Amino acid sequence: MTESKQQQIQHLANIFIQSMPFSRLLQLELEQLSSQSTVIYLPWQQQLVGNPIQQILHGGVISAVLDTVGGLMAAAAFVERQDFDSVTQMQDGLAKLGTIDMRTDYLRPGRGEKFYASAEPIRLGNKVCVCRMELHNEKDVKIAYGTGTYLFG
Amino acid sequence: MTESKQQQIQHLANIFIQSMPFSRLLQLELEQLSSQSTVIYLPWQQQLVGNPIQQILHGGVISAVLDTVGGLMAAAAFVERQDFDSVTQMQDGLAKLGTIDMRTDYLRPGRGEKFYASAEPIRLGNKVCVCRMELHNEKDVKIAYGTGTYLFG
Amino acid sequence: MTESKQQQIQHLANIFIQSMPFSRLLQLELEQLSSQSTVIYLPWQQQLVGNPIQQILHGGVISAVLDTVGGLMAAAAFVERQDFDSVTQMQDGLAKLGTIDMRTDYLRPGRGEKFYASAEPIRLGNKVCVCRMELHNEKDVKIAYGTGTYLFG
Amino acid sequence: MTESKQQQIQHLANIFIQSMPFSRLLQLELEQLSSQSTVIYLPWQQQLVGNPIQQILHGGVISAVLDTVGGLMAAAAFVERQDFDSVTQMQDGLAKLGTIDMRTDYLRPGRGEKFYASAEPIRLGNKVCVCRMELHNEKDVKIAYGTGTYLFG
């Protein structure tokens, strides 16, 4: 991969995290980014609670984080395959990338201080990418699994 | 259904919407609530945007709203079947209700001013409830479908 | 649609039902075929039983029938959009059509004499088609729902 | 675990494989059976073909095998947790075990001579069991992944 391609992939973090208002609201941060394995994390915030008595994350927050890490990994895979002349051209290409469908499996209540979400590709073609995702807390307690299908538009 | 049971069901709106910090962050509102059909809505908010150029809802917000309406309908079905002596007893029973798994199908970009999410039961037993959910905007443009499996803990 | 295109769509029944060994084993029959709504049916066979005491269809048979009707409808939608010069060219195009993922929701035990499966499109693009499917028996008892994502290869 | 409990678990192979007409039609065989990891295999059969030109398994066959291995593992987990006095009592308990929902992800065409399907639990409670399943051929080529939710009735 050319240095320019690596720069393009790193630029994805700006697009998926810093530039997305909802990712900023969740205070998502990038940990690792490649087409083979991508990791982001979510710090605990009181406003993301679903059940106020149990003090656990809302299930929708968990799905949102899993969808984001899967989409980010799919985008890295897409950029790696395509020849973009510039970041602008890359952004145009990515505008058409989207989630087709996603399944979330909730395993345990979302308790913790910091939640790590990772994605790995299970099917990667010219038109679609399917990922498996996983979310655990800072004590490595598994909280949710996901499977997402993404379209290279 | 006794008047008291209807009051219990209406009380669910407090639990799922007013008392949940994340539901308040989304500014969710109740439109209709029963064990056969439940509808909530989400007003547009800039901070819920996924793609800032296209100005569309983040997919995670869509999943969160679908999960909330499905869970609310499952809770209404649960309350209808159980004999709770008091709201406190009902809250204890509901503490164990949770989403087991959920699928979201994204159909169109989340554009609009107001987003209505509805749920209807497709399987209702003593232990689990499966719902189909749907989200459309104020012009009745379908944006996403969902299917969720909920456990009566 | 030209008469030739209608003939091509009708030819799909041969491909998905008569030419597929597993569809013949299931004794599937076509009831209706278009890109908007497709219906097939499965006659009861003792060798398709999952639970011999309850005498109900194996869940895998139900998923297989739902996947077949969804794939057939996706193929009809694909043929309607493409310009194929001949049936041979159409068959080449269809060789790349495949299921990416599918969810089945089992609602009731598979009891009956004849099982009707239908599909309708919920998302239809140039690269993928997403369908909702449903299976009921001859007394209109709903047995299963499905959602499938198909790739136009 | 008492020896009797191990015998009960081994007896599950009879119930899920030898006694189920559809499992016999598929010629399924047991490789390994426990509540932590279960493996079965499917020999190639011409009548299970979906696409006769490509000579690959029908997607419905793949889903059926994944559902069977997931259900078998869920049954082993169920038997391990319950105290059954006899095989008859165990069979009564199992009569209510069923698949609630299942997702299949198709990764590659189903080519090969022998297909191994395995399951592992990702969520195990008193009422439901959620498993991840996987199918590969004799050359360890991954063909499909699955996720299934099973109810202890």
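Here are a few things to note about the model shown:
The first chain written gets the first letter, and so on, giving A, B, C and D; residue counts start at 1 in each chain.
As a convention for this text, a contact is a pair of C-beta atoms (placed from the backbone, for glycine too) under 8 Å apart; a residue touches a chain by one contact, two chains touch by 3 or more.
Everything numeric in this text was worked out from a predicted model, so none of it was measured.
Comparing chain pairs A-B and A-C, the larger number of C-beta contacts belongs to A-B.
Which listed pair repeats B-C comes down to matching contact pairs by residue number; over half match for A-D among B-D, A-D or C-D.
With centres taken as mean Cα positions, chain C sits 33 Å from chain A.
Measuring from the averaged C-alpha position of chain A to that of chain B gives a distance of 24 Å.
Along chain A, residues 100-101, 103, 105-106, 123, 130, 147, 149 each make contact with two or more other chains.
Against chain A, in their complex, chain C makes its touches with residues 100-101, 103, 123, 125, 127-128, 130, 147, 149, 151.
Residue ranges on chain A touching chain B, taken from their complex, read 19-25, 46-54, 58-61, 63-65, 67-68, 71, 91, 95, 98-106, 109. Chain contact summary for the complex, chain B toward chain C: residues 103, 105-108, 122-123, 130, 132, 142, 145, 147, 149.
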